[in-house]
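Labels for the chains are A, B, C and D, by order of writing; each one numbers its residues from 1.
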Amino acid sequence: MVEVRDLTVSYKVKGGTLNAVDGVSLAVRKGETVTVVGESGSGKTTLGMVVLRLINPTSGQVFFKGEDITRLGEGELKRFRGRMQLIPQDPYSSMNPRLRVGEIVSEPLLGREDREKVKEALNSVGLDWAVVDRYPHELSGGQRQRALIARALVSDPEFLVLDEPTSNLDVSIQAQILNLLLDLQSSRNLTYLFITHNMAVAKYVSDRVAVMYRGRLVEIGDAKEVMSNPLHPYTKALFDAVPEGDFRAKLRELEVRDEGRQKGCRYSDRCKFVRDQCRLREPDLLKVKENHEVACILY
Amino acid sequence: MSLYRNVRRDKTLMAGLVILVVIVGLTVISATDLRLLTSYSPYSLNFSASNLPPSAKHIFGTDQEGRDVFTRVLAALPVDILTPFIIVVASVLLGGLVGVVAGYLAGLVDEFLMRITDLFLAFPGILLALAITEILGQSHVSLRLLYSEVALIVVGWPVYARLARGQVLQVKNMPYVTLAKVSGLSRTQILRRHVLPHLLPLLLVYSTLDMGAVILNYSVLAFFGLGAPPPTPELGRMVYDGLSALPQNWWSSLFPALIITIIAVSFSLMGDGLRDALDPRMGERYARA
Amino acid sequence: MNTWRFVVKRAAESFLVILAALVLVFYLANVAAPNPASVWAGPDASPEQIQVVTELYHLDSPWYVQLYYYLGNFFTGKWGISPLYQTPVISLIEEYLPVTLELAVIALVLKLLLEIPLGVISSLRPGGKTDNGIRLVYTVTRSFPPFMVALVLLLALSYYLHLLPSAYYVSPTLALREPQFGFDIGGHIYHVWLIDNMPILNALLVGDYGAFLSALVHVILPALALALFGFGGIVRLIRNSMLDVLNSDFVKTARAKGLRERVVIVRHALRNSLLPTITIASIIFAGLMQGSLVVETIFNYYGIGYLVAQSLLNFDTPTLIASTVIVTVIVVLSNLVADILYTVADPRVRESL
Amino acid sequence: MPVLEVKDLWVSYTRGGIRAYALRGINMSLERREVMGVVGESGSGKSTLGHAVAGLLPPNSIVERGSITLEGKDLTKMRDLFRVRGTGVFVIFQDPMTSLNPIMKVKDQLAEALQVREERESLPSPFIRWSRRRSLDNRTEREFLEALTRVRFRSPQEVLEKYPHQLSGGERQKVMIAMAYILRPKVLVADEPTTSLDVITQAQVMKMLLSLREEQGTAILLISHDVMLVSKLSDRMMVMYGGMVMEEGSSEELTKSPLHPYTKGLQASVPTQFKGEGRVKQIPGYPPNIFSMPQGCPFHPRCEMAMEVCRKVTPQESRRGEHNVSCHLYG
C-alpha cells in the first residue's frame, strides 16, 4: 500500500545537518496497522509527514500503491490527496476556530456539497448531526477528535496516518477513540500508519511495530513478536520503562545515562550491552526471524 | 451572534462608537451645507470681532481675524476626517497585499519584500512624510493635499505589511492548515478559507486604531502648513495659527486641539473595544485573574 | 564570540539601511522633486543662485553622477547650505541636535519612570478598579496629539500658574566657561569635552549649579510634554507582558519556592516583562525625536525639532533633508543598540545567534 | 500524626460572574515518607487540590470551607502563605519547558531556593543574608553540586552555568527535583510531572522522586491522569471525579479490587491486550465541565450501575474494608 525506501530527511541546524529520519525503509500492507514507536525526536512524526508528502525527503523514495510519489509536484499530488489522510495529535489547534464543525468535516470534499457523505461520516464516528452548526470551542476534546476522524473519512481514504491521536485525551476517552479506530479499520478496510510513544496503545492497535531511535529504524516485526520478545536494547529499555509488574523494583535497577553523540551505533552511549564493535559502525537491520528484524550487532 | 453581544457589553467600544457617530454626522452635514449648523462663515474676516472669548454667541470664541472658531472647526471636519480615512484604506490595501504575498510565497520574495518594508520602517515616519510633502509640494501648492496623502501612505503601509505577514506565517503553521493540505486544498483555497478570515478582523482592528494615529500625524502635517492649501480650514493649522496669540487668546488653538483629541480618542476607544470583542483570548486575559 | 559576530552583522545591516535611506532621500530631492534646483536653492532664489547651486550639486549631470556626489558629500559632512540661515547645514545641526538629544533622553527617563510602575500596578489586579482606571487613562492619553499636551501644560503651568518658564533659556554664565574640562583622578587628568548645547549636562560637568538649576527648570515643561506624548504605550505593553508572565509556570515555581511576593514580582515577573520593552525602545525614542518637532515649536526650545519646523515654514529644504537623514541615522543606531541590549538581556536570543 | 491533612475542603472558581466548585468536600491525609497518588481526568479537580495544598490557588478562586493543615498550621487561615511554600510544600509542575525562569542561570535559581531554606532554618542577620545573596561561596556551591549529582547529572558543574533553554525537558525536571533536594520540603506536590516526557525519561524522573522520598522522608502528592503509573508508584491513591474523591485506599487494594464503578472503568480503559484479542472496556460519554456539573453523583450520567438515587443525592464517603468509597452501591 505504502512504502518508503531508504528515506532520509535532514535539516540544517547550527553547526551541521541533523538527520531527522535516517535511511528508513518500511512498507505498510493493505489493511494492516504499522505502529511507529519512539521517543520525541526519534523522527516518527517526520516519517509520517514525509509519507503524506507534507515534508520533502532529502533522499529516498515514497510509494503509494506502487506509484513513486517522491518527486510529484503539488498539482500531480492532487490525485492522491484525500486518498491518504491524517488524524492529528492536538484536536484543539487542528480545527480552525472560525469554521463550523460542518464546514471542517466537509473540507476534504473540496467544495462539493455532499450532505449525505458528511452525515454518514459523522454517524460512523458516533457524532450527532446537530454538531455541524457548532463551533469547535463548543465541543469537548473527545468530540473534537471524533469530528476530525469524521473529517478524514469523508473523502473515502484508503490510508491514514495517525499522529498520536489519543495523547491529548483523557484515559476514558482514549479507550473510546481507540475502539472507534479499530472498528473503522475493519469496517472500511483501512490501512493505518500509527505513530505513538505509548506502549500500551501500540500493543492494542498494531499488527506490526517499528521502533525508531534518533531517526533510525532499530527494530521491526510482528507486534506480538516484538512486544513479547524485544531484541534491541533500546526496545527493551522502552518496555522496562512501562509501569508494569514490580515497577518500583525496576526503577531501582534503572540506570540513568545522558546521551551524547558517538560514532557507530547511535544507541551505544546509552546501551547496557555496549561493546567495542558498536562504536565502529552503524548496524543494519538484520532478519532474525521471519517476522522480526533488528539493527544490533548482538544478533 | 456573540460579536454583537460583545459590542453591546463593551463600554469602551460603545463610547467610541457614540462619539464617532456624532462626529461623522457633523462632518456629513458640514460637507453638504455648513449653514445648517452655523450662521457664520468660516472664511470671511471680521476684525471688529477679533479675539472674542468663548460666549453664547461664539461658543469656541473667535480668532485673531475675527472668524468664529466653532464654525471653522466644523468646516475643517470633512478634510480632517476624509484624508486620514483615504490614507488608512490605501495603507491597508498596499501593506496587506505586500504582507500576504511575502508570508505566503516565503523564500526570496519574502526576503526582498521584508527588506524594503524594514527600510521604510527605519525612517522616523512623520519626518519623512514632512520632507516628502514639502519637497514635492513646493512648486505645486494646489497638489499639496495629494502629496501629503501620498507621504503618509508611504510611511503608513509597512506596519500593515509586517502585521499581515506575521499573521499569515502564524496561520500557515497551524495544524488545521496541514490537514487542509493533506485533503488537497490548493494554496488559494487555503488562503481564502483559513488565512484571510484570520487576517481581515485583525486588519480591521488595527486600522481602526491606526485611524487615530493617522489623524494625529495628518494634524502635525497641517500644523506645519503642509495639509490642504489655504483657505481650507484645518484643525492642525488652526492650532499653529493660534499659537501667536497666546497666552491671551488661548481658545483659538486649544479648541481645535481638543477636537482632534476627541476624534483620535474615539477611534482608539473603538479599536480597543473591537479587539476585545473579536479576540476572545483578550477576554480570558481579564477573566483569569 | 558569537555575540560579536552578531554585533558586526547588525552594524553592517544598519549601515546598509542608512545607505538605502540616503538613496531614497536623494531620489526624493534630486529626481522625484518637480524642481530640484529650487529644492537646494530655496524657492526665492535668483537665477544666479540657481546657477551656482546647479553646479555645486551637479544637478545637470545624469542621476548616478549626482548620487555619487551626493553620497560623497554626505560622508564628508558637506550637507549643503541653508538658504534660510545662509550657513552650512552641518553647523546648524551641530548647534541644534544636542539640545534635542538631551531633551529626548530626559523625556525618555521620565516616560519610563512614569509608565513602567503604572503598567506593573495595573497588571497586579487585572480587571480591578485601579487597573480599569489606568487603562481608561492611557486609552485616552495615548491618542493625544503632541500639541495638546504641550498646550495644556503651557497654559496651565506657565501662563496661568506662572510656575515654570514658557521658553528656552540658557544661563549666560555657562557659555563663558571653558569648553574643555578635566577631572583629576589619581594624579592623571581625564579630559571631558563639553558638547555644545547640552546645557544641563555641561552645567553639571562644570559644576555650575546655578546654570544647572536654570536649565533644569527650563527643560521640565518640554520634557514633560514630550514624555506625556503617546503616554500609555509602555503602560500597556508592560501590563500585557506582565499578565502573560504572571500566569507562566516559572512564576508559579518562584512562588512555590517560597519567595516573597515582592521578589516574585520584581525579580521574576518584571525582569522578564521588560524584555519586550527593550525591543520597542528605539521606536519610543524615534517617537520622542518626532514629538520634539511640535513640542519644541510650542515652547520655542531651540532643538532640532525647532530647526525642522523653521525649515518647513521657510522652505529651507537642505536643512530639512539633512535633519531627516540625521534623525533617521540616530533612530537606526538606537535600534541597533536596542537589538544588542536585547541579546545581552535574553540568553535564549544570545544562544540562537 | 500526618504531615498534611485536608478536611472537608471546598474550593470554588468564579469566571464571568459564574461560580463553580472545583473541589467538593475533599478529605485526605498524608504521612511522612508516603506517596499519595491522585488520579483523575481533566476537570476532576486534581490540580486544584495540588494548588490548594501548595497555597497557590489563583486569585479568582476561594476556599469556601474546610481546612488544610500542614504540620499543625491551617493554610486556609494563613495570610503569609509564602512562609510555608518551598520548605513546607514545594511543587513540580507539568511542563518542564516553562517551569524555570528563562533568563536566569540554573545556579541562580537554585540559589534562591537555598536562600529561602536558610532564612527559615535560622534567622541570620540582615547583613549575612545580604552577603549571601551577593556571593556564592564554596559551601553553597558544594550544596548545589551535591543536589545536582543526586539527580544524576553527569557534569553538574556545567549545568550550574546553564540557562534552562540549554537543557532538555527531562533535564529541566531534574533541576526541579534538585531544587526540592535543596529546599527539603515536608510535602512535594508533583503535578503531572512526567506527562510531557518520554517513557524512559518518565521512569528516570520517577526514580529520582522516589529517591528523594527515601533520602529526605518527603511526603509526595503524585497527581496524574495515568492510572497505571500512579498505582505502581504510590502507597495509597485516591480517584477523583467532578471535584470529589470517588475512592481512596492503599494502591495495591485499589488496583486488585476496585469498588467504585468509575475506578473499575478507569482501570479497564487502559488497554492491555494485543490487537484482535478482545476489546478494551470504555466508559461512555465525556467528563463533565465544572461549570455544568450534574446533580447528585457527578459520575451517574456515565455510570452503568446508576440508580434512581444517584441522580438526586450526592453520595457520602463510607468505609469498606481498606477503602473509602463514595458510591450509593456501598452506602
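Of note:
The definition used in the following text is that contacts are C-beta pairs under 8 Å (C-beta built on N, C-alpha and C of every residue); 3 or more make two chains touch, one makes a residue touch a chain.
Just so you know, these numbers come straight off a predicted model, no measurement behind them.
Among the chain pairings, B-C comes first (most C-beta pairs in contact).
At the far end from chain A, in terms of centres built from Cα atoms, lies C. With centres set at the average Cα position, the gap from chain C to chain D is 52 Å.
Annotation: 31 Å between the Cα-based centres of chain A and chain D. Centroids of chain B and chain C (each the mean of its C-alpha atoms) stand 24 Å apart. Along chain C, residues 125 each make contact with two or more other chains.
Shown for chain D are the residues that touch two or more other chains, namely 59.
Counting partners per residue, chain B has 287-289 as the residues that reach two or more other chains.
Listing the residues of chain B that touch chain A in their complex gives 174-176, 178-187, 189, 193-194, 197-198.
In the complex of the two chains, the chain A residues touching chain D come out as 33, 39-40, 140-143, 170-176, 178-179, 182, 197-201, 203-207, 223-224, 227, 237-238, 240-244, 247-248, 250-252, 254, 256, 258. For chain C in complex with chain D, the touching residues are 125, 248-250, 252-261, 263, 268, 271-272, 275, 345-348, 351. Considering their complex, residues 54, 56, 59, 82-91, 93-95, 98-103, 112-113, 116, 120, 163, 165-166, 176, 179, 183 of chain D touch chain C. Every residue of chain B that touches chain C in the complex is listed here, in rising order: 12, 118-119, 122-128, 130-132, 134-136, 138-140, 212-213, 216, 219-220, 223-226, 236, 239-240, 243, 246-247, 250, 253-254, 257-258, 260-261, 264-265, 267-269, 272, 285-289.
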